[in-house]
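As written, the chains take the letters A, B, C and D, and residue 1 is the first residue of each chain.
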Amino acid sequence: MTKVKVEVENLKKYFYSGIFRKKVIKAVDGVSFEIKEGKTLGLVGESGCGKTTVGRTILRLIEPTEGKMLFDGEDITSLNGSKLKKLGREMQIIFQNPEASLNPRMKIYDSIAEPLRIHKICNKNEEKEVIFELIETVNLNEELLFRYPHELSGGQIQRVAIARILSLNPKFIVADEPTSMLDVSVQAQILNLLKDLQKKYAISYLFISHDLEVVEWMSDEIAIMRKGKIVEWK
Amino acid sequence: MNETWIALKELGENRMAAVGIVIIVFLVFVAFFAPFFSPHDPLEQNLEKRLLASNGEYPFGTDELGRCIFSRVMYGTRISLEIGVVVVGITALIGTILGVISGYYGGIVDEIIMRAVDVVLAFPGIILALVIAGLLGPGLFNVILALAVTHWPAYTRLVRGMTLSVKEKEFVEAARALRASNFYIMRRHILPNCINPVIVLATLGIAHTIIFAAALSFLGLGIQPPTPEWGSMLKAGIPYLRTAPFLTFFPGIMIMITVLAFNFLGDGLRDTLDPRAKEMIMMKK
Amino acid sequence: MLKYILKRLLLVFVVVLGVTVVTFSAMHLAPGDPAEMIAVARYGEDLTQEEIEWVRATEGLDAPVYIQYLGWLEHVLRLDLGKSLITYEDVLGEILTRIPATLVLAISSLILSLLIALPAGIISAIRKNTIVDNACMTGALLGVSMPNFWLGLLLIWLFALSLGLLPSFGYGSIKHLILPTITLGPSMSAITTRPTRSSMLDVLNQDYIVTAKAKGLDERTILLKHALKNAMLPVITFVGLQLGFLLGGAVIVETIFAWPGIGRLLVDSIYARDFALIQGCVLFIAVIFALANLAVDVLYAYLDPRIRYEKK
Amino acid sequence: MTLLRIEDLRVYFNARGRIVKANDGVDLEIEETEILGLIGETGCGKSILGRAIMGLLSENVEIGGRIIYKGENLLELCEARMRQIRGKEIGMMLQNPSTSLNPVLTVGEQIAEVYRYHEGVGKEEAKKKAADMLKLVGMDPKRMDEYPHQFSGGMKQRVMIAIGLALNPRILIADEPTTGLDSSMKKQILDLMSGLIKSRDVSMLLITHDLEVAKGVCNRIAVMYAGELLEIAPAEKLLSEPKHPYTQDLLDSLPRMGLNPIPGESPSLSSPPAGCRFHPRCRCRSDKCSEKHPDMIGIEAETYVRCFLYKNDKSKG
């Protein structure tokens, strides 16, 4: 039996607004699921249903209001400090908007090197080797390394985004509408790349999208969200 | 080609910016070498030769105490540039740091910083500077202090606004997902994306500060005579406006040229550094 | 809307309080003994220590700074700004007699500046990168770079001293108003021209202008009906912020032209180190500035339907 | 009957020293009462084509070729004549309804002004006609005094339709009318548009990147790639038996066809590859493809393709 990689129990995230914090928006309202090693859970829903918040919360980019999250059986709901930093190597995220997902003032090389430097994974000499290997994995041309993001196409940027998190060797990736802003011909490239990587490195995905067809193609299991709750499983 | 190089090249092609740079280089040269090139000691009085019009010995004439206006104007460059650069250096640095912190952390820190900004901005800048300089008494240090107190909020406001929008960008979230420290994110991701408008504002700020400083001196609340300073020279020239208008003419035009040069440069920088302006507008307006 | 105004008024209160704290602290951080300075200002240089101590005691300067401040504040809340330390005139009365002169100057300068800035900004946006545009923008830069104290002196020299057409100083007739207005108005217009232009350019690049063109509307309708109102909204806020420039400029212009406004009163009271009067002027200017900005923001909110109909 | 004929349209402009050929020799006809889909990926020049027809490109853009409408070349018309055609003869809906409506004018006014301007009717009359138009697009005419920000995205799109169809133009150019809408809303808007267009005998040029959108509504589809058309065919036929390798691959890259990617990236419009513009990504390429630029040829009835795989069939086409 494959083991469970990520487990979410009764996750809730409420946003409060108004002068007396009385207005409540229940962005996520009691969501539970588990994702097995090397498998993909698809999360579908229309805009504003809370699917993005779920992804951000698991990564602890947003603190949950209630609920529990487990990674490899360990409770990560209130992890902090160096343990949380270490978790950053295990769980990563890919974003929707290629235009905004790379720092426009950093060369592609530095963007890809960033995770290596933050987590002090290798020294300067090895760094170069690792980066060249990474871009080969995602099928990018070496020439692009010394350009700026605005000189790249959306598909290329998405590859860079994938390459940079691969350097950490993550076991779980939240893919938040990674292709919704790409052309169909390029969308297929990225989705295929994600699938190949999954096979190669046994990565688990939480694949978030509004496009049911894409999710069906990508996922082993599908949860449909509406108004903060999972309303249907497929 | 290198991005910076392209930007510099574009700046050079911008006629106004080029004029600004040439004037500024010239002024810096004048300030630096004033002791070598000024025909007279700017403080040397010669009461027999007071209020002389332009002549061979005194290119811009002499003032009410018989001092050489040309030499005084040259030395005046020093003090104006010094005030401009020092005030902007301090305020841009402090203002930017506060702005990044305020925008990035939000909450109570933001609240405190922004209320401080409100207090300073709730008051016409020159008047606040005037009150502070007036109360602390004249002198270079007090002028710089008064101008610094009134100028930092401009940077804080600008940078805070930019930080708020950059913070929402996905690359910042990506860095957070990488578990980069807040300091790292501010230094590597937020700051570089705010810096261009700060450079523009700082350049225009030098222009602004030079006028303010001269205004303070003009009102007798800044640099005091006999120090050669353009604003106080103007003030000293008022009684002789009818008989010897050149007393006010030369310092005035120097202020204007200096300020204009920095405004030209700032304007040119705005065109080259502002990515929105760079975008080609191809659809019909 | 009412809630918004109330919130803003509260902020005005906080901010004005802050400003007075700053000036009050500056007064007490200032070098020298305030009691001695006041005594000198009142009675001349020849003073005994007793006389100085007497001034200190009668003016309450022996109390700790925060007590002095709270005392002052308490009087302010009763609309009592105290008496001038030197002339014993009532500060509030003194300020109120000076306000009209400043308002006349500010309003005439504001009108003049808008009459120049709005057409110049709009035309340079429409005729972007033409000679007209370049001329307007260069003119604006020249205007911003022109110190108004120098401009004032040049105008006096030319129109009053050389040509003898206008009075060089004083207050009372339209003629007296002309030179101060020309000193202040155009330099403010120079500041407003650029934002007007860029706001207009911004609007002209919006999709709804393309929609208007696609409807087949003519240039005039598009400019006057579709572009202008949108472009003017940000300019209104900007003009609000520039009121500060106007008040600041008034200080200098009033000094040059011996114009009996509040700006000159402030400068004179600084020269005299008349703390009560300084504090009163500061308070008044801060309140005027804050209320004017509030009025501008309310006007903006009223004119922009996106804000007007926000809560429904 | 051909309503509008585009002949050899070339739209070039200068972007930081490079010549961008946004449209490079486009030939296209819009027939009476048809819905013509113009399909293409980001940056292929399809929106430029729509704006070129309306004369809405800025002066620094170089335009060549001809756009013939009712015997007149639109590219040569004076601004005054062009204004009469815009809105009245050819209507247009822009991509993003949130930015395409004027925020400070009521939606009623934005519809009514069209009548006042083109038909010279009075204020009241125009208002009444605007109310009718709102009703027609399924909105409550009582809301005509509200401002755009008070409406949802789908509602705003309805207002855009009302503006586009207000004067009952002969052609409506709709540029990505469904971007930013949720899938259920997408369908509603498309159904509304195609229904109105059919009932009013209007032709439509539907510009979109979304094959699914084009599928349900279009009669014919033209496929654009890197500034030129690669294939034109009746919609059914194009979707069931695509001829051009690009069209085939594009369909194959849809999720339901198995998400088979096309390798590589679309070329930049300032330096397209020599020969056939698609050849670097094409799985059928031969040496000829990189050397010679293929012409658009008719191969079957109403089917045109720009590819060396096919032979010109002069009897048809």
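In this section, contacts are C-beta pairs under 8 Å (C-beta built on N, C-alpha and C of every residue); 3 or more make two chains touch, one makes a residue touch a chain.
Computed from a prediction, not measured in an experiment: that's the story for all the values here.
The interface holding more C-beta pairs in contact, when C-D is weighed against A-D, is C-D. Of all chains shown, the one whose average CA position lies nearest the global CA mean is B.
Taking the CA centroid of chain A as reference, the farthest chain centroid is that of C.
Distance between chain A and chain C, defined via averaged C-alpha coordinates, is recorded as 53 Å. Look at where the CA atoms of chain A average out and do the same for chain D: the two points lie 35 Å apart. The geometric centre of chain B is 21 Å away from that of chain C, both derived from CA atoms. Across the assembly, chain C contributes 210, 213 as residues in contact with two or more other chains. In chain D, 51, 56 are the positions where the chain touches two or more neighbouring chains simultaneously. Multi-chain contact residues of chain B (touching two or more other chains): 281, 283-285. The residues of chain A lying in touch with chain B in their complex are 56, 59, 61, 84-85, 87-88, 91-93, 95-97, 100-106, 114-115, 118-119, 148, 161, 165, 168. Against chain A, the residues of chain D that register as touching in their complex are 41-42, 182-184, 209, 211, 249-250, 253-256, 258-263, 265-266. Note for the complex: chain B touches chain C at residues 16, 115-116, 118-119, 122-128, 130-132, 134-137, 207, 211, 214-215, 218-221, 231, 234, 237-238, 241-242, 245, 248, 251-252, 255-256, 259-260, 263-264, 267, 281, 283-285.
Only residues 51, 54, 56, 83-88, 91-92, 94-96, 99-105, 113-114, 117-118, 146-147, 149-150, 160, 163 of chain D touch chain C when the two sit together in their complex. For chain A in complex with chain D, the residues that touch the partner chain are 46-47, 153-156, 183-189, 191-192, 210-211, 213-214, 216-217.
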